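Before anything else, here is the set of structures, which you'll find just below.
Next, two complexes with chain A in common: one pairs it with chain B, the other with chain C.
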Partner chain A sequence: MSLPNGAYQALEDALGKEHVCDDPSVTSGYSYMWLMYATHAQTGRYRPAAVVLPASTDDVQTIIKIANRYRFNYVPVGTNLFPPNIPTRPDTIIIDPKRMNRIIEIDYDNMYAVVEPYVTYAQLQAETMQQGLTLTVCEGGAQCSVVANNMFQGMGGTGHKFGFNRGVLGCDWVLPNGEILRIGSRGNATGDWFWGDCSGMNLKGLLRADTGHCGGLGMVTTMAVKLFPYPGPKIFPVKGTNPDFSVDFPKDRFKVNLIKFSTREKLIDAMYEIGHEEIAIAVHEEPASMILCGDSASVEDFWHKWPEFSKKWVNVLSVTLFGFSSPKQVTYEQMVLDKIVEETGGEYITEESELWEHANCNLGEQFRTGMSNRLYRIAGDFFVMGGFGFDSLDHSLKMSKEFMWPIIMEGIEKGLFAPDELGNDWLNSYQLGHFSETEPLIYFEHDLEAGKSFIGGYVQTIQEALKRKMTPSWPLGPMTYITGPSMCNYHDLVKKIKEAVDPRMTSNPGYPVPPEPPPG
Partner chain B sequence: MSLEKYTWDLVNCERCSMCKWVHPWSVQSKERAMICPSLKKYLYDAYSVQGRFDLARALTEGEVELTDKALEVIYTCTLCGACDVTCKFTRDMEPLEILHELRKYCVEQGKGPLPGHMPAVDSIKKNNNPWLQPATRRGHWARKLNVKDLNKEKGDVLYFAGCTYSYNANLQNVARTTLGLLQNAGVDVGILGANERCCASPVVKVGMFEMFQEHARNNIELFNSLGVKTIITSCAGCYGVFKSQYPAIGKMDFEVKHSMEYIDQMILDGKLKFTKEVPLKVTWHDPCHAGRGGEPQDLWEGVRVKWGLSDPPRQRNYGTHGVYDPPRNILKAIPGVELIEMERIREFSWCCGAGGGAKSAFPEFAVETAKERVQEAKQTGASALITSCPWCESNLQDGAIADSGGIEVMSLVELLEKAL
Partner chain C sequence: MTEQNLAKVDYQKPLDDVPYKEVTAAKEQYHKETTEKLARIVGDKNISDEPAVLEKYARDKGLQRAGKPAFVVFPEKIEQICDLVKYANETKLPVIPSSSGTHTNGATLPRMGGLIIDLSGWKQIYKIDHRNRAVRIQPGVTYDELQEALEKEGLRAMIPLLPRKDQSVLTAHIEAHPMLIPEFNYSEPVYTAEIVMPTGTLFRTGAAAPAPPEQAQTDLVGPWGPGFDWNRLYTRAQGTLGIITWANIMAEPLPKKQKIYFTASRSLDALTAFTYDIQKKWIGYECFILNKTNLAAIIAERDEDIALLQYKLPEYVQIFCIGGLKRFPEERIAYQEADFLEASQAHGLNPLPTIPEAPNAAAFFEKGLRRCWAKEVYWKDRLKGASADIFFITTMNRAAAFIAAMQQEAAKGRYNLQDIGVYLQPIENGRAAHLEFTIAYNPDDKHERQIAEQLYHSASERMYALGGLFTRAYGAWGSMVSGKNAVQQQTARMVKEILDPNNIMNPGKLGL
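What follows is the complex of A and B.
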C-alpha cells in the first residue's frame, strides 16, 4: 500500500518528517483489529499506507485537504479500541491524535470540560475530581478517548442518572471536505462551549444518534463534555493491589447494593420502580459471568470457580446510590430502595456473602474503569450478541429471551462461544429507567469460525428485532442497509449527507454507510 | 520458547490500550497518566506493547521484514514491565515475556543486538563486566576493607556488588557502606572480589539468551559451591535477574535478597540504629527490576488451550510483590527524613529510562525518560530523589542535569549513612 505520488511529501511538509511514517514496522501497529480482520479476512485487509500525527485542528484540516487533493483515504482514531479503526480499503492513512492531548478547559461553574481526542477518561476524571466534578466513564474503560467514545456512544456505568448522549456539548469538527463545523453553542456568535444545542437548527444530529459515524464524516478535534457534581475524595480511593484490589469511597456518600431476585421479571419490575422514584446513579443487572470476572485473578481462576458460582448468582441487580448533596440523600434513597426491594421480592446480598467485596469493585468500575473492561479475561474476547438492544426495559427482556439467547446457545453448542448458558444479560437502565440497553454477552477467542458465527448472529438479531418492531442498535456500516428500509430509509439520507460532505469518499469510506450495499 | 508459542496472546490482543497507561484507578492527574516511556517518546502505537504485539505477529506471519526500523521499534523499550502489570488487570497475557522473546528472535535472525549494545556485550564476554574494565580490577572497590574472601573461606552471606557498584567510582561507596552495615550488624558476610562475575542481565535484556544461560549457569554453580545461605546485592538489575531469570537456569541453594530488604530487617531487629537527624524532604523511585521485576516468576512450560487457559495452569505475575515496602520503611525510620510520594509508584512506577539496553543504544530516549521522572519528583517538593539501583541513579542524575538540576539524586545507602 502506498500513497499517490507527492502525497507523502505533502504530509511531511505540513506536519514535519517525524510526524508522518509509512514504515511497515510502524504501520503494522495500526493494522490488526481482530473483528475487522475476521470480517475482512476474505475480502482483503490492509496495513495503513501511513500514520500521521497532527497537533491541532489546523493540522487535521490540512491532512484532510491533502487527502482530497491526492485522493487517498483516512481513518481518524482515538485511543484505538474501536473495531472500525483499521483500514478496510487500500491507500488509507491513520490520523492518530497522540499530539492532540490537551485538556483545554475545565469550567467548574458551568460544569463542562473541553478536551482534545487523546485525552482519556481517567485523565479527565482525575482532573475534574480535584474540583468536585465527574462524568460518565465509558464501559470500554477509562483508558479510552473521551472524544472518540462520545462520538460513538458515550454510555457508561452512571448513565442511569447522568443519561445517554447528554455528554456532548460544543464541538469543533473538521468535515471531510476540509471545512470546520462548529456545533452546539460553539456555533453561536460567542463561540462558547457550554451547550450541546444552539439557536435554530442543530447539526449535532450529524455527529451521532445511538451510534456515531465511525470516522466516516471527518474528525472532531475538540469537544466540550458535560460534567456532574461529585461528592467524594479528590484522589480515586483505590485500596489493595491486583488481583486483590478494590475501592474505598466514603460510605456515607457512596453505597452499592447487590440484590438477588427469583426471576428476571421481578428484577425488571424493581428497575422500573427505581426509575419512577428517581433514585440511584447506577442500576445494572449483572450476569454471573460479569460478577465472577470482576473477582477472578486469572482465566484459570474464573473457570475453576464458575461451575459453583454460576449456580448461585443469577438475577443479581446492582444499585448504586450517591449522596450528591449530603449523606442524607443516601439515607433517603436507601429507605426508598428498601421499600422497592420488599415490594418486588428481592433479597439484599449481605456483607457476609462472597459477593460483598465485588460490591466495592463494582463502584470503582461504574465510576471509572467500566464494568465490561475485565470481560476479556473469560475467553480472550467478548462482545454482545446482536445490536445492543436499546429499548424499554420490558422489550429488552423480550428481545433477549426470544431471539438473542437462542442464537447464543447455538454458538455455545458448537463450542464457538464460552459456555455461559444462564440467559442473564447485562441490562442497564438509562435516564432513570426511561430506556434500557441490554447486552447478552458472549465470550469467545479469536478464530475465524467464532467470528463468522458472531457476525452472522449479529445480523440475524437485527433482522429479528426489526420483524418485531423493536429497536436494534449498532447497525454499523453495511448493516444500515438492513435497518434502513424499516426505519424511513434513513440510510439513504445518511448516504446523501456523506456524498455532500465527502464527495471524494476519503473519510473511512465504509462509514457511516457504504456507497453500495454489500453483496449478499 | 519462541514467538510462535505466544500466538494466542498476539492474536487475541484486543487493543484495549490498558498497557499504555497507569491502571485507571491509580491515575491521579492528566500529566502522569501514561506508563510506557517508549510510547511517550515515540508516539506511534508501534512503540507500545500493543504495537510490538502487532509487529511480532506480522513478523511471524511474514507480513513484514526485520528491517532496521523494526529493530528500532523492538529495542526502543526499556523492558520496564509496566505494560505487563497493567495488561494483567484485564487480560492473562504475557507482554514482558513476549518483549524478551522478540529480542531473542532478533538475535536468532542475526539482526540483534544493536551496534550500540555491542561494546557492553563484548566486554561481558571478555572482562565479565559491561564497563570495558579489566576483570582483575573488579574487587578494587573493597581493597581497603577488612572483609572475608569467600574464595578462600566460608561465610553465611555473599555480598554481590555487581558490575556498576564495583567499577563506577561515583557509586562504589554504596557497596562499601552496605558491606560495612552488614559487618557492623554481625552478619557473617564476604565477597568474591575479582572472581565475582557479571550477572549477565545486560545480555539477556538485549536478547542474547544463549550467552546469558552460560553466564547464569556458571554463576549458579559458583554460588552453590560457596555454601552461602544468602546472596545480598544492592543492584536492582542483578537482583531482578537473580529472582526472575536464574531459577529457570538451575537450582539455587541460596536465597537472594536486595540490600534494602536486609537493612529493613536490621532496623526492625534493632541491629541498625540512627544517631543523627537528616532534615530532608525526599521522594522514592522504585527501580523496575527490584519492583515489578523483583518477584519470583513462575517457571511455566505449557500451552494455551481453549479460551486461553494455560495447561498446566500457570501462576501469573502481577508485579505487586517486588521490593516496595523495605525502602519506604527505611526512609521513614531515618530521623528527620520526610518521605513524599510521587504519583506513579510501586507497580506503577515510571521507569528511569536506562533499562533494556536503552541507555547504550538510545541515550537520548533514556535521558528524556529520566527527565520526566525527575520532573515528577520535583513536583512533590522533595529536595532529593532517592533510589537503590546504580542504573537508575546514574540515569536519573543525567535526567536531573537535563532538567537543570533542582533536585539531588542519591542512593538510599548514601542517605542512610548521613544518619549514622
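What follows is the complex of A and C.
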C-alpha cells in the first residue's frame, strides 16, 4: 500500500502537498464500495496507496506521467459510486477530481454543456434549467458525476425521449501515455465542443460501449454533453421534504400517467404502441418495491405498508407526457395514450386514489432522480439481479421472466433477499421504444452470504442469457472472460486495444478487461 | 578507434539480375495464380480482370485521384468473403468493398491496386420487424427497393436528400450520410451489423453478438458493445476496418398523412433562427434548407428551365414536413402545424404550402422526400454535367460564416458564385448541422474542371481551418484532417494495426 520511492514526493511537488494524501484515515474511505463488501470490504487489502486531487487536465497529464515514470497504478474516478473504482492492485492511487467541478460552458442554441468530471447532475441541471434546457439525469442519483455516468452508460429517467448512451460530444481524454486525445469536434482546427464523432477514424467508439472502460484507458478530463429543450420553470419546482415531497410542474406541460395492466405482456404491448406513436418522455414499468421505497420514511415504515401496498401495485406502467411544443402537445398525446390504454386493456390509477399518493414523487424521480439512494432503506443494500441486457422490450420481458426472477426467488426462499414475489421490474423504454433493458431489484443486508449470493446470481444471469443466445447483463472487468468466448471473442480485441493503449496495464488495471482470466 | 566497415561493393561486377523475360513470366504467373485462387473461392463467373470492367472501378464521379484494381469479384456467400479476406492476408492483396453503383467521394478507388469485392448484387431484405421498427438488409439493397417493401408494412427507412437510384442503403447508414429527418431518436439508425473482420473472421455488433440471426433469441436491436462501441468505430470507416455483410437498421412509422411547408427568406440567419426554434419544439419530420441553386436543380422540370428558375427563386428555402401517425393523424398534424405557424410569425416568416415561383415543388416533395432521384441525370449534375461536394459538420449558427468564406474562395478562384449549391441539414433537433456545398462543372471542359478542382481543394482547406468537422474524411480530406491531429492519428493507426495487421482493408484511406 505504498508508492515507489520518490513517487509521493513527485506528486506533492507537482500538485502541492495539500492535494496528495496517503493518510489511512483518508485512503480507507476509498476502499469501501457498496456491493463489493462481499469480496473486498473490511479486508484493508484494497486501500489505495494515496489519493491525489488534480485541478486541471494539465494536472491529470502530470499525474499519469509521474505514474509512468515511477511505475505505479492509478484509478481515475468521478463521484465514486461504482465498484470498478476500488483498487485491485497494490501501489495504486486514486485520481479524485473533486477540484475539477466547473461548468465551463452552456450553449443554448446548440444544446450542449461543457463540464469537468466532478460536476454533478444536480449542479448542471440547476444551471441548464435557467436557460430552458435539461438533460437526462442518471438513475444512480443527481449526486453522480455527469462525465462518469456518460462514460459508463449515460442512462436516465427520461431516456425514452433523450436516449441512452447518446450523451457524449467533444472530449479531452488523457491517455495512459499522458497524451491528450481530443474526441469529436475538439480535434478539429478550432477545438470546438459541439460534436462527438471524430474526423477520420471515429475513436469515439473506444470511449465507451455497453459499460465504458471504467478508467481502464486513461481519464476524460472535460466533456461536452448533450442537453435537451425544457419548457418548464427555471427552478426545480419541488414541494415538501423527503420522503413527503412532490414536484409541482405546470400541469399543462407535464403530465404523469400511472396505468395498471392485468399482465406484464399487455403492459409491454402498451409500451410498444407508445413508442410507435412517438409520444411521452418517460416510460417505465414501476415495481412496487421501488415506489414504496420512495414513499417510506424508514425501514419500519416500508415494511408496515408493504403487505397492503404490494397487493394493489402490480403491473403498473408510468408514462410521463411533456409539452415541448406547447400545451397542445400534452392534450394530443393524452388522447393517443387514452386510446392505447383502451386497446391494451389498461386501467388508469386516478390522482384521487391512495395508490397515486404513494407515487407522488414519481415525476420528480424521472427528472432529477434521487430514488436510488432511497432504495437502501429496505435492507441496507440493493442492486439488480442481472438486467442491462440491451435489446428489445420483448427481450427484456423474456429475460426477466425466464431466468432473472427464478434466480431471485431462490435467494428469497433462502432468506437472503427481502421478500418480493410480484415479479415486476423497473423495465425501461429507451429512444421511443427502440431499445429496452430491465432491472429486477433485489434488497439485502450487509451480509457476506447475501452478498455472495447476489454476485453469484448476477453471474448466473449472464450464463443463462448466453445459454439462450440472448444479450447478457453488463459483464464488468473479469466477467468479460465469461461473455467474450460466446460473443465473437470480443474480449480478445478489447484486451489487445487495452494492451496497446496502456502497455503497462496500470490505468485501472482490471478494466475494461484484466490481463488474465480470474482464477476459477 | 574501431575498425571501419567499408562497403564491400564491386562496382565492376554486373548485378545478379533476373532476366527480364523471367520477370515478365513471374508477373504473369502471379496474375494467373491469383486469378485461379480467387476463382476457386468465388467461382469462374464471379471474377473479372477485364480491362473494361476494371476501368469502371478505377474512377468515380468525383474529383479524387483515379486508381485501378487488379481484380473485381462478386461473391455470393459470406463464407466466400471470409475466404477472400484470408487469402488477401496471405498475399497482402488490398481489399476494397463496394456496394453502391455510383461513387462520388473516392472511398472505393483503390490506392494500391488490389481486389474490389462488389456486393451491389446482395439485395436480400432478410426481415422487416414491424414491432421493433427494424429491417435487416444486405449491402446491395437500394432505397427504392427498400422503401417499397417497407411502405407495404407501414414503415420507412431514414433517407438522405434524393439519393442516386443505385445508392446502397447500408452504405448510406454506415457512412452516416445526413438523413432528412433531424429527430434525435432516429439519428444513429444502425442497430446491429455483421462484419467480416480484416483477418477474415466474423464479428457481430450489439445484441447480434451472442449468435447468428437465425439462432439468436434477441431482436438484434441493442446497438452497444460488446466491449467497445463497434458501430461507432465502424461508422464512416470507408471499409478500412472490415466488410459489413448485413445491418439491422431503423424502420420508422410511415405517416398516414403529411403536410409540407416551404419557408423562403433572403437571409439564411433568419431561417436558421426559425429552424432552431421549431427543432427545440420537437415537431415535424423532414426539415432542411436549400439555396436557390440546389432547389432549381431539383424542381426544374426540364434542364433548360434551371437557369430561369434559379433567377426567380428566393435565396433560401426551408422545407419542413409534418406527419400524422396511426392514431389521430389529423390531430397530430393540427397541433404541430399551429405551433409551427405561431413560431414562424414570431420570426417574421411566412411558410406556404408551395413555392409560388415553382408551384410543382409541393407535388414533387410530397413523394420525393422518401425516394431516389428518378431522372437519368442526377440532380447535382443537371446544371453543368458534373459536380463535386464539400461537406462537413458544424452548427447552424455558423453556416452563414462558412457560406461567406466559400463565396470568397469562389471569387478568388474565378468560379461563378451562382453555381454553388448549398444544403443545410439540421442534425439531432438542431444540435448540429451538415453543411454541403455542391460545385458544378462541365466535365468536358478542361479549364472549367481545373477551376472546380482548385476551388474544391482550396475551399476544403478553408472550411477545415474555420472549424468544419470533416467526419467523413474522404480522399484528400483524410490527409488534411489526420495531418493536423497527431494523437488522433497515432491512436487511429494503433487501432488499425490491431484490427488489420496486414493493412489489407482499403489501404491509404482515412489518412492512414
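As a convention for this text, the second predicted complex is superposed on the first by the 504 of 520 C-alpha atoms of A that agree within 3 Å, B and C clash if a C-alpha of one lies under 4 Å from a C-alpha of the other, contacts with A are read in each partner's own complex, and residues count from 1 in each chain.
Throughout what follows, a residue touches a chain if its C-beta (ideal position, glycine included) is under 8 Å from a C-beta of that chain, and two chains touch if they have at least 3 such contacts.
Everything quoted here is computed from the prediction, not taken from an experiment.
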Requested in this report: Please work out whether A:Ile340 is in contact with chain B alone, chain C alone, both, or neither, and reply first, second, both or neither.
Outcome: second
Requested in this report: Report for A:Asn165: first if it touches chain B alone, second if chain C alone, otherwise both or neither.
Outcome: second
Query raised in the report: Who contacts more of chain A, chain B or chain C?
Result: C
Requested in this report: Answer with first, second, both or neither: which of chain B and chain C does A:Val501 touch in the superposed model?
Outcome: second
**Report entry** Which of chain B and chain C A:Thr241 touches, first, second, both or neither
**Finding:** first
Query raised in the report: Is A:Phe72 contacted by the first partner chain B, the second partner chain C, both or neither?
Result: neither
Requested in this report: State whether A:Phe403 touches chain B only (first), chain C only (second), both chains, or neither.
Outcome: neither
Requested in this report: Please work out whether A:Leu53 is in contact with chain B alone, chain C alone, both, or neither, and reply first, second, both or neither.
Outcome: first
Report task. For A:Trp426, decide between first (touching chain B), second (touching chain C), both and neither. Result -> neither
Report task. Report for A:Trp193: first if it touches chain B alone, second if chain C alone, otherwise both or neither. Result -> neither
Query raised in the report: Touching chain A in the complex: which residues of chain C?
Result: 131-133, 176, 184-185, 188, 191, 201-204, 206-207, 209-211, 215-237, 240-241, 250, 253, 276, 280-283, 325-328, 331-332, 335-336, 338-339, 342, 393-397, 428-432, 464-471, 473, 477-478, 481-482, 484-485, 487-492, 494-499, 510-512
Query - Touching residues on chain B, where the partner in the complex is chain A - result: 8, 11-18, 20-30, 33, 43-48, 50-52, 54-55, 57-58, 63-65, 67, 69-70, 72-73, 85, 88-92, 306-310, 313-314, 316, 318, 320, 346-347
Report task. Name, in rising order, each residue of chain A that touches chain B in their complex. Result -> 19, 21, 23-34, 47, 51, 53, 79-81, 85, 96, 98-99, 103, 119-124, 126-127, 140-144, 235-236, 238, 241-243, 245, 247, 297-300, 303, 364, 368-369, 373-374, 376-381, 415, 418, 443, 445-446
Query - For the chain A and chain C complex, residues of the former touching the latter - result: 109-112, 161-163, 165-166, 175, 179-182, 184-185, 187-190, 192, 194-195, 197-211, 226, 228-229, 272, 275-278, 324-326, 328-329, 331-332, 335-336, 339-340, 389-392, 394-395, 398, 431-435, 465-466, 468-472, 475, 480, 483-484, 486-488, 490-491, 493-494, 496-497, 500-501, 512-513
